[in-house]
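Both of the next two complexes hold chain A, though its partner changes from chain B to chain C.
So, the complex of A and B:
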């Protein structure tokens, strides 16, 4: 019995030392990795300069309708009557009829301002982030339509499923304090 | 459109790389039209992330109190439901310590990656608690453990050989997760998390069916993910045996009544060892010596195999895939392009740069593959050694490494019944019958 208790106390002593070493290792290890930056860390965002509008944003996101939506930087928009983001390649007429629209869900609202200018507003709940309008605007227009991760919807997954599938490495981690990478007329915002 | 503007547009579209140029200058409006500004809804506030950490610490403390002090299964179950609701369905299972392993590895290998403080806290807190209280995180805080625990209906007894064999899987999974995170290829733990699609209520068919399979299995096998997959469980296994206040089945002394024997659905209760047969003991010593000599052989063989198989592993990295694709396209061995190779050409980076990058990655994969192979060899070797070492046990004990601190076994112990006053212990209260 004496032998037994001695064995136990020796074990207890050793365990105490191991515990101390373990606690120091965990705390020290994590501290060595220098957790830094904003408390919330980083969030995912699309670099519009790298985006090739492959359409994967609409299909790869873990959310039902994707967290990626088209954002319109109105300050860059030419407000054209023949908008390459709004209209199909060869529209029958410059009207809002569905067959003329490039957007598969009719999420771009076109409104007359003054001759010959029109306003184009994204109806976000309808937008699925397919990037078709972004492609049209970027190829022939000013590039004022841009795909962005909307942070009111994004789950900020550790491994963004779209980033995994993105063919052009356009998904980057950005500081949560500056969560958007919109191009603006003056350069990046 | 193309009919009328075609040639002019073709000219305009040529410098496509120079994005954002103003082909159509924004107009001056005469009607006083005000342009709407693009909205930029902010991400979840940092203060809420701090709240997550505080809740984690509170839940861990409460779990330790309920398991070790109150010894209450009902309390543990209630806390488990809270964790399932908050960390699972409300926070959608993210941040979690299991996935945080990868962030820690990336932070250690890629100096450009800043480890978020919240992720660091989620990684460290359950380990620190395990150092003192055992695996209380698994018991009532982990939402993935909780989702399996609540559906557990008829736990089957898993034969020891199968339990030992499947118990190696988490070590291999941890090795693979570290390998892919360290090479910057993928976060496999997050990609193949079977329950996160339930927490989010959306996901691919593949992931949802994987989750459904695990849930179905969890009805008949106690917590299959925790025992046979979870890589964070490996870290907890290393730490928990040194706990200051571990789970003890009985609140008093063990009377070896065997009533607790069948109470653990996770096979974590160890029975007293019989007196060893001297003849067998001699044989066991010989086997142990052989296994100790075998260990370095296994490690070396694993390292060699890992380094040789690293070419295949490297294909998991998107840049290596792209380099391979661009190479065979340039050589004319394949017709057509992929989205990735098209995007690469569109940006006009030189192909040599891509090849060089891929070659560097292959080198990294060779080192990482060698380490991974050596790790696999080490795990197998040590398992064999541990299987041939006997540790004397006089009482029924919870295996400190395997015990998930669920508090199920407590109620099977008659001493616990006495503690709770559910039975009248006549030896302690001699006139109990008279009082009645």
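So, the complex of A and C:
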């Protein structure tokens, strides 16, 4: 004959379930309310001093297009008429025609400001993170165009596919509270 | 006998139809999901193989362009390929995004249908429920599945449509790189609209011939206000002439520090808007200009939708008629010894600019440009073998084909407005060429002091100096003003006031008369009268006959360099300080 003292009453069973549901609700609520970066602690970012613009950011990311995009630090930009981030190294003419542009997707917009100055703005939905403009600006210009992981797109994978493929170990983990590593006009990050 | 399900338990009544529908939907959703999944995989594999960065075909074409930098056909191929590559890439991206949503929807429908079938299978019949007709059940199931099929097909169609709407094309459209044939445009202003207005330097045709509807007064007096409808100050100086579109009058003004475009109400002269051009920033070095030319000599041009203003600094601005900035460019500070004065003119959706520079043709700086009026992007640019000039180009039609006629030392050159290719040229000019050519009686007339007035039959090919000149004449050749003609006679007025009349057909001199006044404004033929405005603001009105006959004079009371605009029963004159509207 079974021992009745070990049997759970219906009231006890329901009370236990309610307590468990309450605990889960509290944990879930806390998890939802905490910011994403705070959960992750650190996020992936590109160190622009190590980046060699190899092009793998555009091809290796699990997202399509990549979570890496060009960021323009306007404070560093010379607003050059002949911008080597925008134009091919030896452009046929300083026009926006396709044969003169370096960007394969036409993601940089060039706007006249005042002779001889032009403004260059990244059209982010078009940018695929290939780094060709960054290469041009860094080689001939002052490096105001820089590749960065955009955290409004990045899934912050535990093991970043681009970091795996990066030949110069430019991918690093940075605090989620300071998720970007940009070179500034003063040479600081 | 009622139908049975897989487990042998028969659903009852209406549940049978729902159960069958759920099963069919689940099967359909599974097949749909598999198809979408397959398409997505194929799209991904192809996308990896055709990545837009440095595609070999593009690299090869650009290498060829480096060797043949003037090869326009090669440039066109590169632009075409660039567009194709970007369209494909962003099309695949849109396809993947849309396909993912469809796959998700397919899986959700599949799971929901399975769940529904499972629940329906458990439902037992009520006692006494009659079995439903199996044919009705099957028909209802067919309707449900067909409806879902239509929905799924619509989803697939939208996926394909999404692939065609890509950001690359939108970008190309925004920057004006896309082929223009397929782009919807505002229709060009009709001949009637143009004739009702004064849209550019020297009127609708650019030849100083007012529309037949023009009925200007024969007398006015600016000092007494007689027939002066209104007079308003113009904020900044400028030698450009008024242009008029419906109820608005446009001017520009500039000094070495600032440039502005003005819009006045034709009704009362109220300044409706004034807009600065190219202000702010640093680095703009104003060119050296003569005080006679100033920084705002080019007359504006309007197509009835936008107004275009060019300045001696090279700033070129487009505003809507309401004063909103459409686009702004700087063509580069022109190397022009007196300051740029040639006005922009319009042909269809193209703004034509004669940008002649340098002290000699060998400087290689001169060019003719055609810009897209909507975007300001250069459609074509053709180098010109001439030094700086001050003449405005003229668009004429010959045998159904339009030509852009340009004057500069020593050539009159005609260009194709579509491509910018040179069509013909005549060597007949010399010196600092300022007069603008005119078209009359099937001839093009060009002149400049130091060279004859030359009547040219347009429409040739190559250097037609020996074959296309109908006649030439050497008396009374102006150095600033342009000719005027009524199709029978042609008149010239020199800076020192000598008016010479020629027979247009033969080139024979008909009469000449000295008005003994200074003239920089070009003459205008209005009906049977010739209006000549001297530098002191006195309008001399002559009869357009074969003998000299002065019909009257009309003083403005203010010195004038700009040419007047004749619209309806009004005349608009820009004095050195004020804009006048003259009318009864």
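Everything below uses one rule, namely that the second predicted complex is superposed on the first by the 148 of 189 C-alpha atoms of A that agree within 3 Å, B and C clash if a C-alpha of one lies under 4 Å from a C-alpha of the other, contacts with A are read in each partner's own complex, and residues count from 1 in each chain.
Going forward, a residue touches a chain if its C-beta (ideal position, glycine included) is under 8 Å from a C-beta of that chain, and two chains touch if they have at least 3 such contacts.
Owing to the predicted nature of the structure, the values given are computational and were not obtained by experimental measurement.
In the superposition on chain A, A:106 makes contact with chain C only, while chain B stays out of contact range.
Once the two complexes are laid over each other on the shared chain, residue contacts for A:46 go to neither chain B nor chain C. When chain B and chain C are set side by side, the one touching more residues of chain A is B. Of the two partner chains, chain C is the only one touched by A:58; chain B is not. Using the contact criterion defined above for the overlaid structures, shared-chain residue A:123 touches chain C, although it does not reach chain B.
By the touch criterion defined above, A:98 lies against chain C but remains apart from chain B after alignment on the C-alpha atoms of chain A.
When the shared chain is aligned, chain B comes close enough to touch A:140, but chain C does not.
Once the two complexes are overlaid on the shared chain, A:159 sits against chain B while remaining clear of chain C. Within the superposed three-chain model, A:132 lies in touch with chain C and out of touch with chain B [touch as defined at top]. Common to the chain B and chain C interfaces on chain A are residues 64, 90, 113-114, 117.
Taken together, the chain C residues at the contact with chain A in this complex read 47, 51-54, 58, 61-62, 65-66, 69, 75, 78-79, 82-83, 85-86, 89-90, 93, 96, 167-168, 171-172, 175-177, 278, 280-285, 313-315, 328-330, 332-333, 377-378. Note for the complex: chain A touches chain B at residues 15-16, 18-19, 22-23, 26-27, 29-30, 33-43, 48-50, 52, 54, 56, 62-64, 71-80, 82, 84, 87, 89-91, 113-114, 117, 119, 121, 138-143, 150-152, 154-159, 164, 167-169, 173, 176, 179-180, 182-183, 185. The residues of chain A lying in touch with chain C in their complex are 55, 58-59, 64-65, 88, 90, 92, 95-99, 104-107, 109, 112-117, 123, 125-126, 128, 130, 132.
Chain B meets chain A in the complex at residues 1-3, 5, 9, 12-13, 16, 19-27, 29-31, 33, 35-47, 49-50, 92, 94-95, 99, 102-104, 107-108, 113-120, 123-124, 127-128, 131-132, 186-187, 190-191, 197, 200, 202-203, 239, 242-244, 318, 338-340, 342-344, 346-347.
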